């Protein structure tokens, strides 16, 4: 591939990485057929790599409360507001797959207020967007509104933590100029 | 203390926490004389607690490149822009101690452009603020400008990663309504 | 299709439309295999329909100066900033086809500053975005900058006029809740 | 007149224009006593000229639903937000004449929220301003609010379409640096 | 006149005012032929009235450095950005008279960047607008830029102080809903 | 002290000041033990100095309606939004003393929405912040909301006037680069 993995900062060679990081990367490659660029970009800093993916997995691989597709909706909506190439395109792909819906990611990326989602999911994204864009203004009325849609403490924490974690992730991706792999653009768009 | 640790979300009892988390908390208490509220608030989610502090320590406890005081400057400047009580007040205290300067934290919190810092530190904070507030607009000219002040790839990554990590941290603190401990307000203000 | 053409305002039946409008719609259907929803939504007002498409064609069907693909780049970039479902998704499809590039539309929609475009195209989009978002601040220095990339009066007018026309179009689409047809999401993503 | 018609882009000579455009311009001159600069500026592009004025007339010359003065109120309010010299000053003149009110245009241009208008007109301008400035956030609650003031689908479309059309017009005028004719400043200020 | 002097807060009767304030008001009436509403609105608070007009006169009645017309340009430009009815319309009138120019106030109110002013006046207004809208970002480069146009310390202080004083004035006028007297709208528009 | 009183504009020598101004400065020094830099910075312009402090005292030294501590809360909250070093740090000190509360100023400076204040004080600061940041949008609903908390016309005027006066003060301080005296940082932090 002629395109770089990221526009800034060198990407370490796989065989010079610590074993645990190389093993994780090889496992992802085995499963997905390619190495998502986020793994190679963050491998520049092994300790941060470990913390980043531990945090990511704690939030995104859970299956209670919010569905995995709903978690990805939060990522796509907030990452689009932050104009993050990698996160919108890579997590857009994951959202299409998890929601089994080929159009939902583009809808949420452009304007989540107009997307074909339930009123409960709309309330979830309204809350997530406020965390992402104006967390300093979050008040009791925001908690009251989201609770009205049946979200409890566990789900609200998840929504807030995912929006917050991708506030971190979007910034790293934008600073490093991390590129989404070409594979992501088409994933989940065609019926299996 | 009559004030809660955080306005939202329950704080788990110390003796019900996983051993590693309780041990870390007790070690901090031993060292500082009190338990900073961030530890008790995040203990609500042990896996996220572990990832959060691993990430934090990887960025803030390093001593190469940026000084520890400079790292705290980034935290205070960006957390103030995000209007985060816990981070401005707790890290303001740490900044005063690490910089051995009783006024620098308040200066940076109010308006870092007017603070008594070096031009190099000003360039560091300009870059950090752009990562925090408009990372989607970071361009080659920003890298050129900060490089002109002698920062290399290692330091630039640190600046960006600290600003990004506290983008996460500020949002969690604002959503949970995490309170700074009373102890922080005075720390580092009096000569030893 | 169970989804409405637009969320607000009734869509007139084809057989009750003025002949010229019905003929144009049938011609589009013949060529594309479906009727893009913008035609049915705007047919609510025949006179505005005629003016809208006359304006559109005057700007988008020209082939001198800017290429047709570049014209669509302007539409996608500015419509994304305006969060317009119909325009980003429908014109994203047209851009993929005209540029013969399956990833360019998503790249420009998320963050045109990071897209794989030439410096000249970047200057074109910078100017278009300023017209779209802050035309009141356009000054001689903007003209000087874009001229430096080889754009002459004819091309600059085109860039400005396209950004301006879609400022109109995006607002109409957002107010009417105009939906992109399902066909657009996949167009131009697969090699012919 | 020593001042140019527009700061950028050449203005074509009247006798080199297509007949229909020259005829329209001469008719306006006959009626008004001068040629408003918008006609000469847009004549640079005959096809766009025709579409522009066809669109304009379809929206502004109607007399059902909104009054002509109310249509001009929308133009003045939104054009002022967009800081458009030509539109605020020329349509301010037309508003004064159509409303037979020498102060209403200045009031609306400075701050429509403080102007001496009816609550119904205030609701009309609130909706128009949201279309002009944040159409992506228009939601059912905005339609509910404006309906409460007695506006039906026909009027709401008109409000939205006028605000949208002048989103286009304001941008063209700002980019070309189109000047309002000196005649406009005083029109409608003195009793007949 | 049926319109109130201000929408909020009572206006004291002239004969119940302290002598010095009543005298000033009568003197203005004598000179202008009417009592500008700002005098009656602020008379609600005699001590603040005295301080306000002392400050105003210190800044606006000087004739060294900036001309009186230039001082009014600063008022009109910044008050328009703050959408202040009273200040734009009343000081617009004064500007027309002091500049002996019937169109300059409307031009500056709509978009000072497009007004027929000198490059030096443009630099003056750029600086004033930054003071008015983003004083926290004023830096050495702003002083360097304005000095380049020949402004010295005395003039720069005046520009900044006028923009600052009307930041106060505009807010008071907006909160009280202070109305410009009808007389202002036409003042200075006709040749003497 | 090696630090200047203000970064821009010369500070006049005490013995060259008009008697009334020198007397006021000496009286302050007598009472406080030092001369707050605002006195020396503004002495550059004796007439403006007199008007400024007359206005200040009329608003801040009253003791009816709002308490003196509440008046300082308004100063700290709005000055922090305007990022004014002098005002946040000097008035933060005064607030700590008047409220007999060593932490309240830092809380309000960082995010008044999270400070330990009463709902009535929160309403007061919400109103003050709207005056400071968006006075052009103040409407009847804002008056209704603040009245609901028991504030009458006298208090509402005070809130608005204090927020407005510090809109002026913050801008002067930011343009002159006025420095808070070192003494302010610690005042009111320790129990007497």
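All chains are identified by letter, namely A, B, C, D, E and F, in their written order; residue positions are counted from 1 within each chain.
Assume contacts are C-beta pairs under 8 Å (C-beta built on N, C-alpha and C of every residue); 3 or more make two chains touch, one makes a residue touch a chain.
Quick caveat: nothing in here was measured; it's all calculated off a predicted structure.
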Chains touching both chain C and chain D: A, E
Chain C to chain F, fewest steps along touching chains: 2
Remotest chain, chain D as reference, centres from CA atoms: B
Centroid distance [mean C-alpha coordinates] between chain D and chain B, Å: 51
For chain A paired with chain D, centre-to-centre distance based on mean C-alpha positions, whole Å: 44
Rounded Å distance between chain A and chain C, as computed from the means of their C-alpha atoms: 28
Averaged-CA centre spacing for the pair chain F and chain E, given as whole angstrom: 24
Multi-chain contact residues (two or more partners), chain C: 83-84, 111, 136, 174
Every chain pair in contact, whichever chains are involved: A-B, A-C, A-D, A-F, B-C, B-E, B-F, C-D, C-E, D-E, D-F, E-F
In the complex with chain F, residue positions of chain E that touch it: 8-10, 44-45, 47-48, 50-52, 54-55, 58-59, 82-84, 131-132, 135-136, 138, 143, 153, 157, 160-161, 163-165, 167-172, 174-176
Of chain C, residues touching chain B in the complex: 111, 113
Footprint of chain A on chain C - complex, ascending: 3, 7, 80, 83-85, 88-89, 102-103, 106-107, 109-111, 114, 116, 174, 177, 182, 185-186, 189-190
Complex contact set, residues of chain F against chain D: 136-137, 139
